[in-house]
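What follows is a single structure, and I will ask about it in a moment.
As written, the chains take the letters A, B, C and D, and residue 1 is the first residue of each chain.
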Amino acid sequence: MRAKMLQALAKLLVCVAALAGAGLPAGAQTAAGDPDAPRKADLITAYKILVNEGILDSFGHITIRSAKDPNIFFMPRAMPPALVSLDDLLELRVSDSQPVDPKGRRVNGERYIHGEIYKARPDVMSVIHSHSQAVIPLSLTAIKMKPVVAQAGFLPPETPNFEIRDARKDGDRGMQVTDSARGAALARTLSSHPVALMRGHGEVVVGASVKQAVVYAAYVDINARMQTQALLLSRDIVTMNEPELFKPEEFDINRPWEHLKQKTLDDAARAKVDRAQFGLDETQAKR
Amino acid sequence: MRAKMLQALAKLLVCVAALAGAGLPAGAQTAAGDPDAPRKADLITAYKILVNEGILDSFGHITIRSAKDPNIFFMPRAMPPALVSLDDLLELRVSDSQPVDPKGRRVNGERYIHGEIYKARPDVMSVIHSHSQAVIPLSLTAIKMKPVVAQAGFLPPETPNFEIRDARKDGDRGMQVTDSARGAALARTLSSHPVALMRGHGEVVVGASVKQAVVYAAYVDINARMQTQALLLSRDIVTMNEPELFKPEEFDINRPWEHLKQKTLDDAARAKVDRAQFGLDETQAKR
Amino acid sequence: MRAKMLQALAKLLVCVAALAGAGLPAGAQTAAGDPDAPRKADLITAYKILVNEGILDSFGHITIRSAKDPNIFFMPRAMPPALVSLDDLLELRVSDSQPVDPKGRRVNGERYIHGEIYKARPDVMSVIHSHSQAVIPLSLTAIKMKPVVAQAGFLPPETPNFEIRDARKDGDRGMQVTDSARGAALARTLSSHPVALMRGHGEVVVGASVKQAVVYAAYVDINARMQTQALLLSRDIVTMNEPELFKPEEFDINRPWEHLKQKTLDDAARAKVDRAQFGLDETQAKR
Amino acid sequence: MRAKMLQALAKLLVCVAALAGAGLPAGAQTAAGDPDAPRKADLITAYKILVNEGILDSFGHITIRSAKDPNIFFMPRAMPPALVSLDDLLELRVSDSQPVDPKGRRVNGERYIHGEIYKARPDVMSVIHSHSQAVIPLSLTAIKMKPVVAQAGFLPPETPNFEIRDARKDGDRGMQVTDSARGAALARTLSSHPVALMRGHGEVVVGASVKQAVVYAAYVDINARMQTQALLLSRDIVTMNEPELFKPEEFDINRPWEHLKQKTLDDAARAKVDRAQFGLDETQAKR
């Protein structure tokens, strides 16, 4: 009798734990032996972190290059970043930014950002495109983002700002990077840098891992806000000089990655709510 | 015995789920066959989203036009937006902004905003009036809001700014749109646009659906903040040109709608608290 | 058997409800027949609301005048606003700002703000002193706060700014209002207005009820932020003219009061945590 | 039977309470008779408070000097501030900033900030180094932080701003304080003050106790934001004069400390999440 009761209570506790867990990926889900499995788990965590930081809004995306095949990258289907899970990842080819198998799902219209950067930059294993509201004001002006905060020493002396008008063919329309030509133009603007702003749109951030790209994106956000606020106070500000910039290997990204993850967990723990409450039509969501 | 225990535990789980649910509308509540039922459910969700985004404060309101009768729109009684439920909706006539049946409840003093816009704009199925703190500073100056962020390409090159002094009769007082003449003047300022600012007051946003109006309101907020911040950095900013603006049908609003809904759910899930704790007098609340 | 189980589960639910309740005052606690009882309950709610809005920080205070004796006002002992409960209220005399019976507790050093305003203003039933970060920047400059947002039409054309240097006797020190002379000087600056800024310190807001004072304080905060942001964009802004200002009776404060209360409940519901976890020494806390 | 059920329910309640408790240190954990034990508990609380206030980010740190041996200070191993617990504290020597026993853990690279300040300032019992985004913009300009808000009267008329270029030897690189020479230079800039800004990096704040240092850090943050915002409005602002500054003993830090702790508890109570969900490798985390 007591056993049965404890069994029932255990079920309740599992339920409460699920409410607290809020959909963050368990390391235990990684398939043994697949080098992409832990990377994919980090990719899902990366989505949770950058949504939580307000860096990814309704339209941003993060991808990773496969560790097994450099011509493959993983990108979620077209969907809100807040909802991305492992099951939403599609395999795309670097060569043409097309899905190996779309599985009947809608691919993301801006996948060319990722494909063309992976093509131009063999060193890049992860690409983030976000609409960070910290960088957009700078991107609308002729003022260049420069490194001003200690942890943003990975930035070049001046971060390039992509102007899509230079990449758009005569008669073409729109701000989005929706074909290979636009993606290649963006990759040329990015050049060998870790970041490029995109005028009126946001930014791309790249890294040798998704952890590095996430940490860089977080500090780009802080650097842009600090530089902007300082410029409002004075046109004469101190930016970092050459001995203050650093090589990627000089920056321990594990600490900020763990810090950002903990903040996200605190937030996520507020609750796990059943989406079915909204009567969401899954067919519609997968368009 | 075990069945009884599980039954009792099930009741507890229902209770916990209700705490987590936080009053978001179940699709299941929609009456079969009534084309307005799903629209009304979206309207309640819209209130939750825009309160959560800080776009609706104590006095904003959202309405929808009936899908069955274009001379009818649904508007909550005069009440705080955070508390609106299906039961609070009243039917009002487009022709004179008066309730079909007030059901003993106090109608909203600014219902003329909605009635007069529905009268002037047969294409509009939803109207939002908010006191967004992102747009008010711009509305106090001679600077026009212009589209600067990619997702705000639905905006006209210059968004009109309603000056109630031009609509107020000699000797009249107040900033609010409390009669048909003021409502009609606002509708003339709005013209065929999706948005008009209102000097010192906020804005109106309209859409072909409540989802579209909500997504537009969210991006108006972002666009105003980005333009404002950029103008503090430099008077010479890049605004979007004609090939960068888009038609409504070119903008997939489902993704931002789902994203905003998920953010709202995360927040709402924190808890459902019994208003009775405050000893609220329902008669008073319904005045 | 089932009855016992449901009984046990009911106890659990009571516990969960207590966790969700988060210490907001039950109307049921008001002693029947005491006209000050519901006012005191509103006072506690007012503390929760203004802490939640970020308007009260570690040192702000709210008081109410007794409905039974106009020479008495109720003020919490010296303590952090976030922790105020009914049990912390002391009775003070308007005539000299001294406690009727200190009950061994430390009275607030700035009680003269309240006593002297109640003395000078028989119409005032509630006084708020806060360190609102929205008004402090304005208070440091020669720029006057003016009404710019529709709901702040209760403001005078120019809100006075209290300079304590004018009230401090030669050789006296400090920014705080710690005696009757300073309190009386502040009351003279306030004059017949609902608000006075205090240079480098914050503001006082008064009302015919604690609800009115809270709603006014919330809109003072919004008005100051909107005016500040607009002035950064342009020195030429539109402020409200005489026909746009309103009498207190023209402003329904119930709606914003209910809205602010609901926001506070949502926040408070996150949890109720036992202060004993911190091993707080109650004797020390009551100093 | 009923006893067993209540026992099982009690276990559930313990679990729920643990979820609510969120890792704040119990006073009961302090070892009787050790004068450092309550100080260490305050140190952990200090971490929770300053993470919650957004003043400590991924890289900030707080230390305390031992009450038993003035040549010893306690500092967490190199790790994200949000995760610090009693078990992470290491003993370091003031004389050379080296650990008495590293216990196989990675010591913090910037421990010289703390060691050199404790060496130069026998009055200091706690040191905070943070990357507060409120002070960084000022630190990039030639504008000095000055006291402008009443509770920041502990500040000197001008707060010094540390320029690491003056402390870096020829050919040396980096913004961080990673050796005794840099730490000693920072201590010289700090001089007898409670605060020094650090250009492009953040600040150091010191106190006669960790509570004082935390409260000072919170008001440095507010003062910097208020001064910055006021300067954007007008170059002619009123800063506090000599009779408005105060001695440390004139400022009751218990009230803001309790207030900040309560805010942190409210936040922490949202949930306690098992880090194991992320499959964290403890070995890796301890590097």
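Just so we're on the same page, a contact is a pair of C-beta atoms (placed from the backbone, for glycine too) under 8 Å apart; a residue touches a chain by one contact, two chains touch by 3 or more.
Keep in mind that this is a model prediction, so the values were computed, not measured.
Subunit C has its Cα centroid 43 Å from the Cα centroid of subunit A.
Per-chain Cα centroids separate subunit A from subunit B by 30 Å. Contact with two or more other chains is made by residues 1, 5, 9, 12, 16, 232, 267-268, 270 of subunit D.
With chains as nodes and touching pairs as edges, the resulting graph is a single ring in which every chain has exactly two contacts. Per the contact rule defined earlier, chains pair up in contact as A-B, A-D, B-C, C-D. Residues 1-2, 5-6, 9, 12-13, 16-17, 20-22, 24-28, 30, 41, 45, 148-151, 153, 222, 225-227, 229-230, 232-234, 236-241, 243-244, 246, 250, 252, 254-256, 258-263, 265-270 of subunit C touch subunit B in their complex.
Those residues of subunit B that touch subunit C in the complex are listed here as 1, 4-5, 8-9, 11-12, 15-16, 19, 57-59, 78-83, 131, 133, 136-138, 140-143, 165, 168, 172-176, 199-202, 228, 231-232, 267-268, 270-275, 277-280, 284-285, 287.
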